[in-house]
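Shared between the two complexes below is chain A, which pairs with chain B and chain C, respectively.
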Partner chain A sequence: MRLFLTAVVTGTAIGCLYGLVALGYTVVFNATRVFNLAQGMLVMSGVMICYVTLDVFHWPQAAAFGGAVGTSIVLSLLEERVVVRQFLRREGEGIGWFIATLAFSLVIETIIRNLYGDRAPAAVPSFLPVRSIAVGPISIAPRLFFVIASTAVIVVMLEIFYRRTWVGTAMRATAEDPEAASLRGIEPTRISSTAFMLGGVVAGIGAFAIAPVAGSNISLGLTYSLAGFIALAVGGFGSLRGAIAGGILLGIGNQLWDLYVDPRYELVAGLALLMLVLVVKPTGILGSRQLRRV
Partner chain B sequence: MPLVTANGTRRQLPWVLALLVVSGILPVALGLSEYRLGELEYVMSVSMVAVGLNIVMGYAGQLSLGPSAIFAVGGYTAAVLANAHPHFMGLPLLALAAMLAAGILGIVIGVPALRVGGFYLGMITLFLALLVPTIAGYLPLTGGSSGISLISNMGFAQVPSGMLLYEVTLLALAAIILLSWLLLYSRIGRRFVTLRSSEELAGSLGISGYRTKLLAFLLSALPAGLGGAFYVYTQQFFSSGSASTNLSIYLLAGCVIGGFGTVAGPILGALIVLGMSEFLGSLAQYQGIVFGVALIVIVLAAPEGIVGAYLSSRRPWPRAKRSPRAGGDRPRTARVVGGATRRVGLHLREQDLERGQSAESSEVDALERDSLAERALPEEQSSDRGGCGVGQFGVGAARGALRIEALKRNFGGVTALDAVTLRVAPGTVHALIGSNGSGKTTTLNIVSGFYRAHGGGVWLGGTRIDGHGPAFVACRGIARTFQTPKLLAGASVLENLLGAADRSISCSDVESLLRLPRGRRSYRQAIERAGVALEMAGIDEFADEIAGEVPHGTQRLVEVARAIALEPHFVLLDEPAAGLSPAEVDLLNHVVRAFAAKGVGVLLVEHNLPVVLELADEVTVLHHGAVIARGTPAEIVHDPQVAAAYLGSALARESVSDKPEGVGIGTDSGDSVAEPGPGREKD
Partner chain C sequence: MRSRSIRTGRHALGAVAGGLALTLVLAACGSSPSSKPQPSAVSHAPAIPAGPIKVGALFSLTGAFAQTGLITQATYQAIIAHLNAAGGIADHQVQLVALNDQGNPAVAVSQAERLVADHVAAVVYPGLAITDRQTVPVFMKSHIPVVTLAPSDQWANGKEWPYYFDAYPLNKPTMATLVAFGKARGITKLGVLGDSTPFSQSLMADLVPSARQAHLPIVATAAYTPTSTDMTVQLQQLRSAGANGIALLAETGMTHVHQDLLAMGWHPTILTTADAFFDGYSSLGALAPNTYANCGIGVKPGQALPPAVSTLMQTVAAKIHITIPGNSGIIFINNTMLILAYAIEHAHSLNGNAIASAIESIHGVSFTAPQYSYTFTASNHDGWTANAVHMCRLVPLGPQGLPILATP
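Moving on, here comes the complex of A and B:
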């Protein structure tokens, strides 16, 4: 039972990160109809920045936070500018943008891999105490709570942003009907760069939170991208809460699989979950919107 | 009879052939070492996977990032078998086993494609590309992280070996390229290309998205499996590193750079990508950057890839001048379509015509847009299994009337159709008119199987046909046209009709693929039939033009011609006259009358009242989803209720007394004429 509960809590924390990747997808997708495959790579680059600032330079945690968020914002905006915006202008969408975001994430991954070299994945220190907190029968590391708390804060902030601010409203309008929104004077490029910036912020904060949990591991970039996609598929397209719910479900599912089946074949759990959702409810748990023909 | 005619292929094939011949001779001439030969064999094995990827992605348009997973399954199958039975498993058996295993996985991957498409499918396949090597890296069966090595297996010996093995590998690759080329120009290829262009179009031609996608995934898996077998046989080794996720991405990069949908593109791309990996040497660690940047540049600057750009830059045929149409009664030359066959074959350069012109279709109101989106719902898609087999189009269809009974349909809370009933008898023209949002197109979409009815139903003779998807309906001999033309924009006008003409000509896919006598004959028949359809629509002079480049009115007539080529029992025309010039309208009238004269029942949704009055035997008027009038054109014209619904009451009085010739109704919604005129009190 203790193991089970620990798995659930750990799964929730890791799942929150998958949810954050899915959230990044959603924010960008709603505004631009582009599925930004590089989202997981943005998180990974943020984690690597945390590793460099904390493990290599021994700078304060605030620098790591700023560095991670700043880097992922810059990369995300760069991607929007160089890769994505060209496709937004083009009539008739194909799969070009998908391939382009895939290529962009390949470039990021290769650059970081070369900078990091052959070093083994290393632990990244957290600003929170290492000692676990006893909660009922189990003890939990504070850094896991931090991931969950950051996710909650991001979701709340995003919902406020979407509902209360002018830009947020404009973004929702664009999500509803891009043509009508642009006729009302909402500039698509501005919406698109704002969305990518938000995607960068979400990735950066997620990276800072997950770095002490995951450590510096380059191959996690693709894993995050794919796990975030599964979270999105499970939770449902277009919904912020659905994204997080899907992520948590995947995280818990993975941990339980590790506990009761075999951690080496963890990916199978994700595949099973994905197939289950596809068969039972293809729109995802909280998704009412259809998968558009993209 | 020049059957192999596509200029696109003609201009690719010499290069491909030259490459193959040089690859066959050069190593012998140079006396390459076994080591070098092994490297070349590796390149060729992986090129086979690229050819397979091109089939599913380039031809059929299904985003697949999982070729490395299929390659892995083929490779591991071969490796495990060769390791266990080194004496028994020769190269042919290994190849067979690997292709079988790969084919099974291909179909398994194809199953999600039935429910989702686009990047969603791309992500699932990418996930598999990560999952398969990861799992294989742990499984004892596949040798764990060190993989399976046949070199240490004393019993295993390459039976063809050295130079002979090299030539055999080259022959296998050549055979795969040849087959992939035959495939593109066979009726299977035409189905793939139609599917790629638009799933709705495919459905309306009776092509089942379900079967076609599965077939595409299967056919793409076979070369990948074969590649796996050759990899194992020539390298005597297979591990999870042989089929890493990056292999999929590099192959994708190769195909994009070379040109998806062309025959030579994937080969060229695979050579570039794999060759570069070899060349880069110590810089190989940066190849991700090189490929990534190249990919971005190509996708942005030359999305057709190198071969695609080469083909489109040097189109050999002159752009014919398009004179405005002279009129319906111009001399019809019974032109034999021999001229047109000169370059039949599908040039895969269609942009999404439908989308490009969406601005023009202002007709699509919010209601329709919602339902269009809804159509993409997986549930609705998955019902589309009713494609007809070879030559079954319209065969055995009940020759009764087409009956629509008490049809209901809601979109959200909005009632789009409320108990709509009408009947189209064979050989008659039934017009369905009404203002925007009155439910005309919704009716048509339910009849043609794109939407489901929420009440009532559609019967053809004694068979209920609604709710089974568009292919089911089409296969019962009901053709439709689309409001916004759905054409293969990069193919010629004649080629656009081939996919439709194929449907009612009996010939097996294998006969068509291998160009057996019956395949050739049916191909000739299809061309002939397409030519006749074009002539009937009065646009045969455009046969050789690129469909995306002919005038809009002509594109709409191509839609109609495509319906003719299907040889349907019933045809549903969705505002065929919109945007036509008067001369083209004459052509259209001609066609519709010819349909009726041949005993075809026509359901005509149309705004252009003169056209309706001229053609219709019976008219049904919809308003807010309900039938408000029905009768002969003359009766409808004098129905005050109809006039009120359309024109507002003030105008209605005039129109009752006047002949409403030339009044195009429906461009404004009836409700917008809210002026309270003197006649209002009547309501």
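Moving on, here comes the complex of A and C:
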């Protein structure tokens, strides 16, 4: 039972990592209908900034946080301006943005890989204590607890942003009906920029939380991109809570699969979960069908 | 261990090879002239054509294993440059044809076929354990010798793989050494942790009979994936089973394992692979005093390195701009290049059969230094002497970053 509970708690924390990437996808997708394939790489770039500031320069944690968030925002806005907007401006351009965001993600990965060179993967120090905290029969590492807490805070803040601010309301309006929103004076390009900036913020904060868990690992961009996508599809496209729920379900599922079945087939298990959910509920666990009255 | 990366100790430095230089080195190393292959055995092979001698390699330069691939490629390049500076092989410069297999078996096969089409004389790195089962048959079919540091014992069977030659210690004696060392260190219940890679599974398969034979019970076995970032559950499995020692048989994820052990406040004796000198080395912390890795090559405390080895290590480290702890892999890679050089020069040919025959004729020949001698036969294609497997401390390191031999 103790092992099972440990797997559930650890899976929840790892699932939150996936959920954070899925949140980034959701924030951008809701406002632009663009599925930003570079989201995982934005997170990875933030993680590498944390590594450089903390491990190489030994700067304070605040610098790592600021660096990760700042870098993610800059890269995300750059992507929106240079890569995505060209496709959003043109009618009937199909899914050109899909390839464009994939290309942008590969550009980020290649540049960072060359900058990082062939150094060994290294741990990124956390400001939290190393030793685990006992919670009943199980214990949890503070850095994992921080991931869960960060995820909860980000979700709450996003919910407040969408419901209580004018920009958030405009983004929701654009998501629900872009044409009607545009007729009411909401500037689509401004919404697009804001969405990407928000995606960058989520990626940056997520990176700061993820860095002490994942370490300086360049391949995590691809890993988290895929896991985040599965989490998003399982939880439901467009739903903030669904993104997190999908991530947690995937994280716990992976941990239990590793514990009781065979870790070699972990990815297969994730994809099987995705297929199962999509067959039973095509909109995902917390997704909903969108109806438009005409 | 034999996961095939420089840092694991399976690739090494190349150097003083080529014509006269190689002869001098071998003489200095005390090789017996009678141990050299007889040219008459290969006298019908075509001569070496003009131009550089091409040797092929498949590195994972992108994807999950890119960090291993990049550093391995850099090391081979540095060693081959060192070899060329000493005259190359038979007065021919050596050209490394390095292709990216992306750590993907399908891509790796396609790249292996490109190497064949490019008429490489030999292959010095056929990919990681995750791809070499697909690529090696391609080279065997084309009679292209593969002289490398094998990640698995299966390649040492000369009857089955007539053109594959391994310069690294076999896994079975390595695992037997690891078990015996652990038992002598006071481990009474062993937990085994792997990373699900073929390399890891291969080691696990070899560890089990060794532990049984040594009457050291394995109380639990757990595994994670190379992309895992938290191994608390797996470690909890081992701890709950009562393990007081861990055999960490992996080539990825060491950093996370160390972090999670420290978080759990559990400091068991860890017996691991030479990969630990690379992945996770900086995160050992309080685990360092009780962590030991296998090492084909180590130094005794206070022992100085032979000058040739010291020069070699310095030259390569300067070229790859990185200091790898426990970098005995440089010596092993150098051995592979010198074995290939030796074979080509004695065969006077780039013909695969002639090179293979020449390697099979190597008996008690030393390459980088006198203590690193090799013996190949037609059936046994692992030339490293089986009893030369040791355990080393991870911390501290000896001269040139070489590991220091540990005593139980």
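Just so it is clear, the second predicted complex is superposed on the first by the 287 of 294 C-alpha atoms of A that agree within 3 Å, B and C clash if a C-alpha of one lies under 4 Å from a C-alpha of the other, contacts with A are read in each partner's own complex, and residues count from 1 in each chain.
What we mean here is this: contacts are C-beta pairs under 8 Å (C-beta built on N, C-alpha and C of every residue); 3 or more make two chains touch, one makes a residue touch a chain.
As the structure is a prediction and not an experimental result, all values here were calculated from the model.
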When chain B and chain C are modelled together on chain A, clash or fit: clash
Considering only touches as defined above, state whether A:278 meets chain B (first), chain C (second), both or neither. first
Just to be sure I read the superposition right, which of the two partners does A:95 touch: chain B = first, chain C = second, or both, or neither? first
By the touch definition at the top of the document, which applies to A:30: first (chain B), second (chain C), both, or neither? neither
Applying the document's definition of touch, where does A:223 land relative to chain B and chain C: first, second, both, or neither? both
For A:13, using the defined touch cut-off, is the partner it touches chain B, chain C, both, or neither? Pick first, second, both or neither. second
Touch test for A:259: chain B only (first), chain C only (second), both, or neither? second
Applying the document's definition of touch, where does A:150 land relative to chain B and chain C: first, second, both, or neither? neither
Could you look at A:82 and tell me whether it touches chain B, chain C, both or neither (first, second, both, neither)? first
Going by the clash criterion at the top, which of the stretches 21-29, 57-65 or 129-137 from chain C hits chain B after superposition? 129-137
Quick check on my understanding: which residues of chain A belong to both its chain B contact set and its chain C contact set? 113, 222-223, 264, 267
In the complex, the residues of chain B that touch chain A are 63, 65, 112, 115-120, 122-124, 126-128, 130-131, 134-135, 138, 245, 249, 252-253, 256, 285-289, 291-293, 295-296, 299-300, 303, 351-353, 355-356, 373-374, 376-379
Under the touch definition given earlier, write down the residues of chain A that touch chain C in their complex. 2-3, 6-7, 10, 13-14, 17, 113, 117-123, 130-132, 139, 141, 143-144, 213-215, 218-220, 222-223, 255, 258-259, 262-264, 266-267
If you look only at chain A, which of its residues touch chain B in the complex? 35, 37, 82-83, 86, 91-96, 98-100, 102-104, 106-107, 109-111, 113-114, 222-223, 226, 229-230, 233, 264-265, 267-268, 270-271, 274-275, 278, 282-283, 290-294
Contacting residues of chain C [partner chain A, same complex]: 7, 62-64, 66-67, 70-71, 74, 196, 223-225, 227-230, 232-234, 236-237, 240, 255-256, 258-260, 262-265, 278-283, 320, 322, 324
